[in-house]
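For clarity, chains are labelled A, B and C in written order, and residue numbers in each chain start from 1.
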Amino acid sequence: MTTEYRVHGATFRYTHTIGRGEEAGTGFKNPVAVAIGANDVMYVVSRSYDYRADAKRITVCTVRDQDYIGEIGNAGRLGGDMMDPGESDIDGSLIWPTAIDLDSEENLYVTDEWLNRVAVFSSDGDWLGSWGSNGSGEGQFDKPSGLAIDSEDNIFIVDTGNNRIQKYSKDGKFISQWGEHGSGEGQFDMPWGITIDSHGDIYVADWRNDRIQKFDSSGKFISSLGSTGDKEGQFNRPTDIAVDKDGLQYVADWDNDRVQIFDQHDDLITILTGDATLSKWAETKLDANPDMRLQREIAQGLERERLFRGPIGIEVDDENRLFVVDSQRNRVQIYRKIDPTFVGLYDGGRL
Amino acid sequence: MTSTNQDPVLVVLQLSGGNDILNTVIPYNDPLYVDNRPNVRIPTDQVIPINDDLGFNPNMAPLKPLWDQGNMAIVQGVGYPNPNRSHFRSMDIWHTCEPDKIAEEGWLGRAIRDLDPNKENVLTGVNFGRGLPRALAAPGVPVASVGSLETYGVLTSIEQEEKRSEALNIFSRMYSPTMGQGPVFDYLSQNGMDALTGADILATAPGKYSSSVEYGASSTSQYMRNIAQVHCAGLGTRILYTTAPYNSFDTHATQMTAHANLITDVSTMVSDFYADLKEHNASENVLLLVFTEFGRRVHDNGSGTDHGSGGAAFLFGDKVKGGLYGEYPSLEADKLLDGDLHFNNDFRGLYATILEDWFGLDAQPIVNGNFEKMDFIAK
Amino acid sequence: MAEADIQLMAHLMRRAGFGATYEELERRAAVGYEETVEQLLHPENEQDLTMDVMQRYMHGWRDMNSIMANQAYWTYRMVNSSRQLEEKLCLFWHGIFCVGDSKCMAANQILVQLNNFRKDGLGNFENLLLGLSRDPAMLYYLDNQLSHKEAVNENWGRELLELFSMGVGMDGQANYSEDDVKACAEAFTGWTIGNAIPRYPYGRYDNSFLYNQYDHSEDNKTFLGEQGNFNGDDVVKIIAKQPSTARFISRHLYNFFVADEPQVPAWQTTPPRDPEAIELLEKTYFESGYEIRSMLRVLFNSDFFKNARFAKVKSPTEVVINTLRLRGDFTIPKPKIYDPAMEIRYMGQDLLNPPTVEGWHTGKEWIDSGTLVERVNYTAGEMGDINSPGIRSIINRVAEQGSSISAEQLLDGCLEMLGGYSLTDDTRALLLENAGKNGDISTGSDEFAEQVGETLQLIVSTQEYQFT
């Protein structure tokens, strides 16, 4: 008797992990978001803790070779008081950095939920300025979180506390907005992540409504995906969404510690729970701490190390690579999508 | 010229986080140093040699004159058996002299009790920074913890000056000893009055002080300046303590930049402090101890170093016999302890030397035992 | 509402919780004293705090991998949880069953323990000890993973008897012998923890209790006069039925909830301050089958409790949490959410990091000239902030007494709002003089809020306010 399998969207192959827990340099501390630039460069935002203001930063490194390039926005690492929670809004300061995206010139836009502003850096780390203030008017924010930039450099910002999406030009001019508090269509409850697909449609992780809402570029409601729970297709506080060029949707299902992948018809393809291995930086760390390598050999339950813990930011690039920011584990897990047309090709189709 | 009491005084500067001794006092001719530090190494040509084997980190240049004058001692390989690589536990051990069990009393708290058994001076021990390090803690031993010398005092949270002085006036009358309210009430009164007295006396220190020395801007540099101010004011303070900010020496990553800044900061503040005391002719009775809770791993981790053992401590002062004490721990693989430098000098011997040869106290009950003393204090 | 009822309710809430605003006291007093005691004794009937929003903004709070995250989380819970007695009792057990982060270096593992105190803290004492004997943080803190049948480490076995259940002695007699300590430690050989995943490179994972039967001593043991091949559970059962355990727990409850006793090491020779109260609690311990809830019901409803107002020096945690509850603005995520735990530390109580396994010395030993300054400066700063919602509502309530009020009305109004403090005559005279220094007090004036703020600042600076 033969079993009939149906080719289902795609498969996902884990490739590698980048990161380790570190307050500076080759690692991340409570990373929250990732962006992929040209030349295989990756930008990772570390939220850190508020009593380690120096560890709030954007780490710049490469994806394939895991080479550390440097860090941005690391305000006052030394000389200052490390215990100072740093509530100051001086240039370059990051207090609650939350999301990051790049414009067409690869400038970095970072939302800050505490300072209620969007901080802008060049890819070299130069401070280019910021905009935004606290409030509910145009150009104002109450905890801006998700941020996405479209192909024309328009910037969409999730204004969490005001339960709305605001659209800006790249120099920070307010263009439009939609949304209000609630659980109906086009309403939000503390929304977080946002992304734009290749058609210009906009997806928002409606965090406390446990769903993803899809809008057209003008903000008109199209559809909604998901409900509250831990079953397949349900979410427990989804934080972020990415959509690839084929329209597959990747949802960071934060409090369920998993990533759910849906096709363009909202059908579930698969669920990822994490496959982490030792990153290059992790190996270096263990080389310097030989006793910990020994400790790992006898540790009970080491397989837990593979799992996501609070997957929080998610991104997919043009090469079909999926980046999952694994917040509580200070790393990014990377997968590659294998297209369904690969089935039956080469030796993969041999009996 | 300020006249100061000539009783011996100890100043302690704690480098929290675990200072990387290999990049502080550097075995620059040892090939194993090069092998173990592919990424976190001071190039040989930058090292400031102090002999054929060892040299200072280049950022320690401000300390070189003190070394050359014979006023700086380096205690090598200092630590304790079965090193603990937790910052907090290891610091606890340094503070309480109790590596095997968790103890409450600090060695300097005990020293203060012995120096001032009748509690004649509420300022015998003063800490600069908020919260009391366990080294200074001992039941019944009052030690002021000064977050800011300029604004230290009771009811400083009342911002308006006029209101505050009214409130202080009422506070001092409220806490004046009264009869018949019971022992706990009396105890509170006594402590309230002690706090006021201490604050009033400390408040006089900045006014009595002027100096041509300009300290750095870091909080620790400013605390070192405060220590000079209090010492020069002649308040009878015998033990003054401060701490480099929260675990700043914990250079797990990007150590080359971070550690350079830290070493620059510490070297400059120590050199400034010493110059300041000299300017006030107040250096003779001061011993400065600089220590850290542990050294770091011999092998780097790519961009930093992790928690290790076997560190080094430094002593400065007119009465210090300069030079190296103990042995520099070997970097040879079979001499390492789980990848760490092996200690060969018990820190309690260092303390015992200070307690007995500097303060003239009995060290045994303070450090919980008999440990070999060192010879870094001129008789 | 009768003033006396509210003042009694204020006393109950200060002890069984961390104090309450005047509005809460009125609400609870309307429910009635005994009914409120029942509500406090059944925290499971109250909605627990939802943590999703806090975890969204405080990213370290998901796994509590650092002591500071865990401390801040606890202060947040103590301020905001409607299950006030659950948190107060968690603090009680933390002060007795001490583990310290300076040794464990695993705040997440200490959180597991505190959550067990929350869950089991009001229940059966034997059950609580059985849980504690399997708690990874405790086993590590007291070295039981180093205790082997061929080489027994007595640390856990000794402290279980000395500090966690029986105490060294009572009525001038020793409660157990050195042989009992040995037998106890031997019974717990093989009670260990899993080999942990090292903290590098990806952080800590919770560890688990392991029973290693190959490393457990199967010898016949004599423990407190009983003989058998005892295992740890057997030992705990024997401990739980000892009169000395009833005494020890009763004295601890009395010291924490009623009035300051001498420090624990003195209990072998120093009799209880109120022998009848202790006797009643001991009796309840046995009659209820070792149930803490029953003991506390008797305690809170007794006259010795109701009459023990201001018989204790506030702990640093009580000082800070009470202040934050009165201010009413420690409710939302913010970067400075970590600060109150630091203030508690500066005042001499580093939560999750007690100085030794004996815990913190309490009563007047909380106070020295340094910690007194920290208390006074902190409370005066916080209570003088007339823009905080809680202080605003105090100002409004005091103003309700009339458009023009006397110095007495201002002072007494403030004392009442803080929960019925009374002052010694001398202090009262000083504060009245200050309150009346500008003549009539007009509650409609611009300065009125400042006057209330100033009065509150002076009250919290008094010796009287250091008591609870």
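Criterion: contacts are C-beta pairs under 8 Å (C-beta built on N, C-alpha and C of every residue); 3 or more make two chains touch, one makes a residue touch a chain.
Just so we're clear, the structure is a prediction, and the values are computed from it rather than from any experiment.
Viewed as a network of touching protein chains, the structure reduces to a complete graph with every chain in contact with every other.
Chain C has the C-alpha centroid lying closest to the overall centroid of all protein C-alpha atoms shown.
If you average the Cα atoms of chain B and of chain C, the two centres end up 34 Å apart.
Once the centre of each chain is set as its mean CA position, chain A and chain C turn out to be 40 Å apart. Chain A and chain B have centres, each the mean of its CA atoms, that are 44 Å apart.
Within chain C, the positions touching two or more other chains are listed as 200, 342. Along chain A, residues 27, 51, 83, 281, 285, 289 each make contact with two or more other chains.
Touching two or more other chains at once are residues 306 of chain B. By the touch criterion stated above, chain C contacts chain B in their complex at residues 100-103, 105, 200, 260, 313, 342, 345-346, 353, 355-358, 361, 363-365, 367-370, 372-373, 376-378, 380-382, 384, 424, 426-427, 430-431, 434, 454, 457-458, 461-463, 466. Contact residues of chain A toward chain B in the complex are 22-27, 51, 68, 71, 77-79, 81-83, 281, 284-285, 287-291. Chain B contributes residues 86, 88-89, 92, 102-104, 122, 130-132, 134, 137, 139-140, 142-145, 153-158, 163, 166-167, 170-171, 173-175, 178, 181, 183-185, 187-189, 191-192, 194-195, 198-199, 306 to its touches with chain C in the complex.
Contacts from chain B toward chain A in the complex involve residues 217-219, 245-248, 252-255, 258, 261-262, 265, 297, 299-306, 338-339.
Considering their complex, residues 52-53, 56-60, 62-63, 65-66, 68-69, 194-203, 205, 208, 210, 334-339, 342 of chain C touch chain A.
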